[in-house]
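For reference, chains read A, B, C, D and E in written order, and residue numbers begin at 1 within each chain.
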Amino acid sequence: QAQNSIKFGLCYDLSKAYTFVTPQIVQAAKDYATLLNAKGGIEGHPIEILVQDHGNEPQRGIECYEKLKREGVMMFDYLSTPVSRAVLPRHMQDGNVMLQSFVGRGDAVDGDVFKWIFPIGPTYWGQMANDVAYIKSQHKGNLKGVKVGFIYPDYAFGQEPIPVLKTLAAKEGFDLQLFPNPMPGRDQAAVWTQIRRFNPDWVISWNLSAMHVVAAKEMKRNGIPMEKLIVVNWLNEVDINNIGAAEAKGLKRGTNVVGGKDHPLMQQIIKEVYGAGKGAGDAKNLDDIYYNTGLAMYSSMFEGVRQAIKKGGWPLTPAKIKDGLESLRNFDANGFIAPVTVTAKDHGGGGKTRIDMWDGSKWVPQSDWTAAYTDVVDQVVKEQSAEFVKSGK
Amino acid sequence: MLYRRAGIFHTSYADDRRLFPIPFERWAMLALLAIALAAPFMFSSLALTSYIRPWLIWSAAVLGLNLVLGWAGQFHFGYAAIMGIGAYASVHAARHGVPWEIAVVLGGLMATAVGVVFAFAALRVKGLYLALSTLAMQFVMDWVISHVPAISGGVAATLQAPPMRLLGQVVKSEAGTYYVVLAWTVAVTLFMLNLRRSALGRALVAVREKDYAAAVIGVQAFRYKLVAFAASAFIGGVSGSMLIYGFYHAVTAEQFAVNVSIEVLAMVIVGGLGSIIGSFFGTAFILLLPGQMNAFIAWAARSIGLDVGVEALAHIPYMVYGATIILVLLLEPMGLGKLYGNVRNYLMVWPFGYVRK
Amino acid sequence: MEATTANGNLLTLNNVEVIYDGVALAIKGVSLAVPSGGMVALLGANGAGKSTTLKAISGLLKPERGEITRGELHFDGQDIERLMPQQRVRRGIVQVLEGRRVFEHLTPDENLVAASAVTGCNRAEVVRRRDRVYEYFPRLHQRRSSQAGFLSGGEQQMLAIGRALMTQPRLLMLDEPSLGLAPFLVAEIFQIVRRINQKEGLSVLLVEQNAMAALEVVSHGYLMENGRVVMHETAEAMKRNPDIQEFYLGGKEGRDFHQVKHYSRRKRWLS
Amino acid sequence: MDTRTIAPELKVAASAAAATRVLECRDVERRFGGLVAVTGVNLHVDRGEIFGLVGPNGSGKTTMTNAITGFFPPQKGSILLNGEDITGLAPHKVARRGVARTFQNLALFNGMSVLDNILLGRHVHMHPSIWRTALYPWFAKPEEVRNREVVEEIIDFMQLENVRDEHVDSLPLGLKKRVELARALAARPSFLILDEPMAGMNQEEKAYMARFILDARDERGVTVLIIEHHMDIITGICDRMLVLSYGEVIGTGIPREVIADPRVVKAYIGGSHAAQ
Amino acid sequence: MDWMYFLELAVNGALAGLMYALVAIGIVLIYKSSSVPNLAQGALTMLGPYLVLAFAVQAKLSMWLAIPLAMVSMFAVGLVIERVALRRLAGQPVVMILMMTLGIDIFLRATALTVWGGSGRNMPLGISDAPLFLGPLLVNRAYAIGAGVTLVMFALSIFFFRTRMGTVLRAIADDYTASWSVGISVERGVALSWALSSVCATAAGVLWGSVQTVDQSLSLLLLKGITVGVLGGLDSIGGALLAGLLLGILENVASGYLDPLLGGGTRELVVAAVLILTIMVRPHGLFGRQDIERI
């Protein structure tokens, strides 16, 4: 028990469906830790990042949790909707902190029910609500009769925003059609034939990286203009490149973090970590928005832990960490993310995103950081968390 | 001469068919059992819960698959689905207040019912075509499990398992859970050992070797294929529940997907078709080796100051997994069980190597 | 018990020993010779090692995990022990396997074509050789395009021999060609083999249980017992040998099986 | 010996004692696609007989035995066993009625020892089940021991003592054939079908085999149908015989007379090798 | 009923199905010539395009040079697989061979991930993405080109099995020992079949890669390929083609009509159901060879 370091357990899918993103996020977490450790860590305690692969299989996530738990880890991140969902009850039972930024499940923002789960930043639900709000703004505030097609890979991550989307469709009266696509989600020709027939005004694509690329190409082959496409945040520079910078023009993306290398934190890392040759990976990944996403995630985590030690002192306990995270106020990591305020009731912290559009050479913000339909999202959150309390699943 | 056989005379036919006719092996078994019983006090909590317990459970499951694959010779690429059915059924039963022991048996029975459906494919086709139809059945089962909310508990849900209970008492301690698991594995192993020396086992092998020759001595291939699939499904179903109650404590559909079927299959084959001890070896190899190799390589790299990226490190287990299969098959196509058998045969006649002819 | 190693022998085996699986000693020092253009029979009880001997010559031991552990194997004056089966076929050694293993899913035509591949001859040559086989076995010609797996036993045996002839061999080794064939077919096949031997000077090594038929066509015979050659005589001498008569030819008059009692055999020729 | 194992056999024997006709085939026809393998075959085998079935290759002998044992049920005609119509019955059911057979191409269970192969012959007299297996010491063991005694007796009879524990695949062909016969006899059949049991054997081994067959008939009361290409065996041990050619009967009766029939000589035996 | 919708689903399904058949032809090729069920075909299909990209992007060669080069390299890969992994298993029960090819599949996939990482790459074949209309019918251009290549491969394979070499390979598939006995070099035959199949996999991988980007998920095409192969009868090239068409049309039409009703994922379900039913009715697939078992 004489442990001096702060251990983070990163149980990630490094080998199957999410390999396009996890290495960058791990790299960001490690680089940030290196940066802080060089200055004595958090309140004098070094950060330790433990990484293990779970192949996006829930049971292996559980295994990872059980193993790292015994190695003294109190904060875990799974970066996967299905895995987070599976491990969640154990966290609830054992009282260990689960970081769940940017992945499902959406109702975990309800701090009353999900005491130990911290989806800091926007959830998929919030992001979806914002997407719909954006569409609404493009239709002069009236969504009646507007046709929205939703294409998603048919598993937990893709299915995640459906409750919110359906509720919104009922509320706003737009015409929603779902287009599930079996995993691995690459062979989309069939789905797009259907989508073209549906003739949507908007297509929301809840895909992951390369699947977006396929989707964009299929859109072209089916003669659907790129402007109609809104994608979830998991699309990066590599994907734009694969679609073709010119071809991708007009594509819109729900965005959670600021991209690019201009931010001071990025600059600092480039100088002090990569400059010193201590980077945890390839420097070219610094161009990748997924790297920024990782930094964003861990900047709020580290800040939370800092608060925890400040308030409760060493040694850390899960309860102290919980306290620390719940005392984040208007934290925006120096403008890296939309400001979050985490409380005991709200573990999300606001859930603001914005819509960016690719203009052929760069991303152009189409809106401010916003959180729309908070009432609707809240309502769905309450419904689902109540359901969780009732059935335990 | 550990394996001394001189001076052992079997004086009755029953004696000739004892489980362990060689005294040394009887002693070895007793010793092993003693270690198994003392394990909670000998190993760390991490080893017990993360390695030994899953290993025991998977070994039981692998024995079940070996029954249908190794003994009856029928391809079964949908074993994970069977395990899943057992797991879901028993969890649902227990959640509805059925006593735990009965819930687990119910899980087994439910799996048996589905296993019998698989058997009907085996009655029509053989070989690769059977492999593919069972694989297709696995897909159908996957779909049913994940798309019928009454089973999976809704889209993307993770069904939490109630705690293990014996006679109404909650089994909470790590040791307690371990003993329950151990009891199940020992029971399955004993069953398989008995199978090897009983008429049922012979009939299964007969069906495997030549079904028409089996028929002519009165073995109804139909019936024994059914029995094989049913028995293995029961073992698989209960093992599936054990996996949930004794290890994961929660069920998800992905937990019993196609790749898991392939993994169990790999365990059986790496262990050796029809080999009981091989099933334990095979499970250990496929389940534990990749992770251990990974840790080892990470450690080795660190100690010589080399930096292996997280990504590469994550892929090593898969390379090891694939390489294990390839190497074992190259070394001894009949699997680790045969390798063990070779060593045993060697020791049996040691130091007189050239006894045959 | 040693083979004549005089010149004019196409094939000589000298003291060859074969072990299966590293443990089972199947033949223990076999020596024999096949003269150029001659026909020789190899007789012996079940499990004596006849097939093993043939496989040692043709190089087919490997797939059964057998290996030659001692002795010399010469064909046409050259050591062939290290050659792969296909190289031996190219030099002119071909074996017709026990139990008529034809390519079941191929037609007789295709069976023959497949066998001609190794010698790399041109299309016209293939057709010529094939027609020659059909000339010897007109029955095959009739069934040339039905699946070989459904041919009757006799037809399959003809096909197997014909297939071997496609490789243009110099030494043809037949492993129990009469197994399970109707009596008149046995006669027919032996006559054909004899004809090929006489017309084309093909050497033949014949393994047979049907000693009566075999000794009719060969000039010399070897007798194997328990992995060893225990007798080497001319066919005439063998036919006259009382032991051969009792154990292989069934006596002069055919035996009354009702009078046979359980007995342990007397192995008169084993020293 | 335990009475329970003998009971079913006694029953068969009792019912058969009334009718002496063990097997009767009436107008049997079997086709494969367009090919007529056998047609219009009538034959009967009486209790205690050794009946020979011969014919050129591809004449339909094996097809006949397959029709009787249920593998390829005839498309026309009927087959009676001890007066009971067994046409179209599944092979394992035919086996349970006291019919055992061996195969032309050998059908031993290669993964097993000689002992286990022969024990499998006892299958119809055993009651394998999951429960018995699970509770082996109490339920299966006595049964195993009982049947083992029967099997040991067969092993003794067939002189297989020294290969009892060998794996069958490493045995020479002749011994395999003997093991297969032992397996067939282990079931205590009333009717035994042998498909070329002596193919690939020399004179001495043939004599051995003939002795076993005769003893099986004389000491065990088995009725035998045997297919052979060795004419000396047929004339030597058969009471009656039947010749098929192109799926049709071309001769039947006492062996010495049948093989002298010019039609038979022409279709089957050929010129000079009549004695083989 | 909207016939145009049906037709469009059917036509595009047929094209996709033909591309599945392209993966299946590789499997059939090996099975037909050595009785080895190849479950590593998926990994080969992934490896091929990676090599093409390695030549085209890393070595900066033209695409039309890179593809033949990759094919040659894949030919070698096929030879190596036979030599290292399969030669020892000749004559072993089919389960072990099955497992061996699975092991190769897993190993190759992990290796590719280690070497090339997880993010997708473009396969720039220069196929235009502009919509292609046949009258009122929209045809997926990339798939149409793939289907064309499949037909060419199909014709080549059929022709190949008519040649003497093809006959020899079929003989090998029938009986290894008998092949040895007449001097056929079984090892070389099997190696050749693997090599050809690897080349076929490269073609399939490049085409699929251009449709769905190149990354490890290409190896998952194995499932489609093997399904088509089995459905057609594992040793029938024509069967693979027909089964591909059938399956492609069926899954597309079914998902077009059923997905909205059942809430997704029916494609896999329908494929599985069709496979099970067909095999139950025809145990050797549509055109597979019958086992000849003489009792």
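Simple rule for what comes next: a residue touches a chain if its C-beta (ideal position, glycine included) is under 8 Å from a C-beta of that chain, and two chains touch if they have at least 3 such contacts.
Please read all numbers here as calculations on a predicted model, not as lab measurements.
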Any chains in contact with both chain D and chain E?
-> B, C
Moving only between chains that touch, what is the shortest number of steps from chain A to chain B?
-> 1
Interchain centroid distance [CA atoms averaged], chain C/chain E, Å = 44
Intercentroid distance (Cα basis), chain E paired with chain B, Å | 32
Whole-Å distance, C-alpha centre of chain A to that of chain E, is 36
Per-residue overlap in chain B, given as positions that touch at least 2 other chains | 212, 311, 315, 318
Which residues does chain E have that touch at least 2 chains other than itself?
-> 110, 113, 117-118, 263, 265, 268, 294-295
Among the residues of chain C, which are close enough to touch at least two other chains?
-> 24, 150
Report the residues of chain E in contact with chain B in the complex, numbered from low to high.
-> 37, 85, 88-89, 92-96, 98-100, 102-111, 113-114, 117-118, 226-227, 230, 234, 262-263, 265, 268-269, 271-273, 275-276, 279-280, 283-285, 288, 291, 293, 295
Would you pull the chain A residues touching chain E in the complex into a rising list?
-> 15, 17-20, 22-23, 154, 177-182, 184, 186-191, 193-194, 196-197, 209-210, 213-214, 217-218, 220-223, 238-239, 241-242, 247
Residue set of chain E touching chain A in the complex reads 5, 8-9, 12-13, 15-16, 110, 113, 117-122, 129-132, 138, 140-143, 211-213, 215-217, 220, 251-252, 255-256, 259-260, 263-265, 267-268
How about chain E: which of its residues touch chain C in the complex?
-> 90-91, 164-165, 167-168, 170-171, 173-185, 289, 292, 294
Partner chain D, residues of chain C touching it in the complex | 20, 24, 43-47, 99, 150-155, 176, 179-188, 209-213, 246-250, 254-258, 260-262, 265
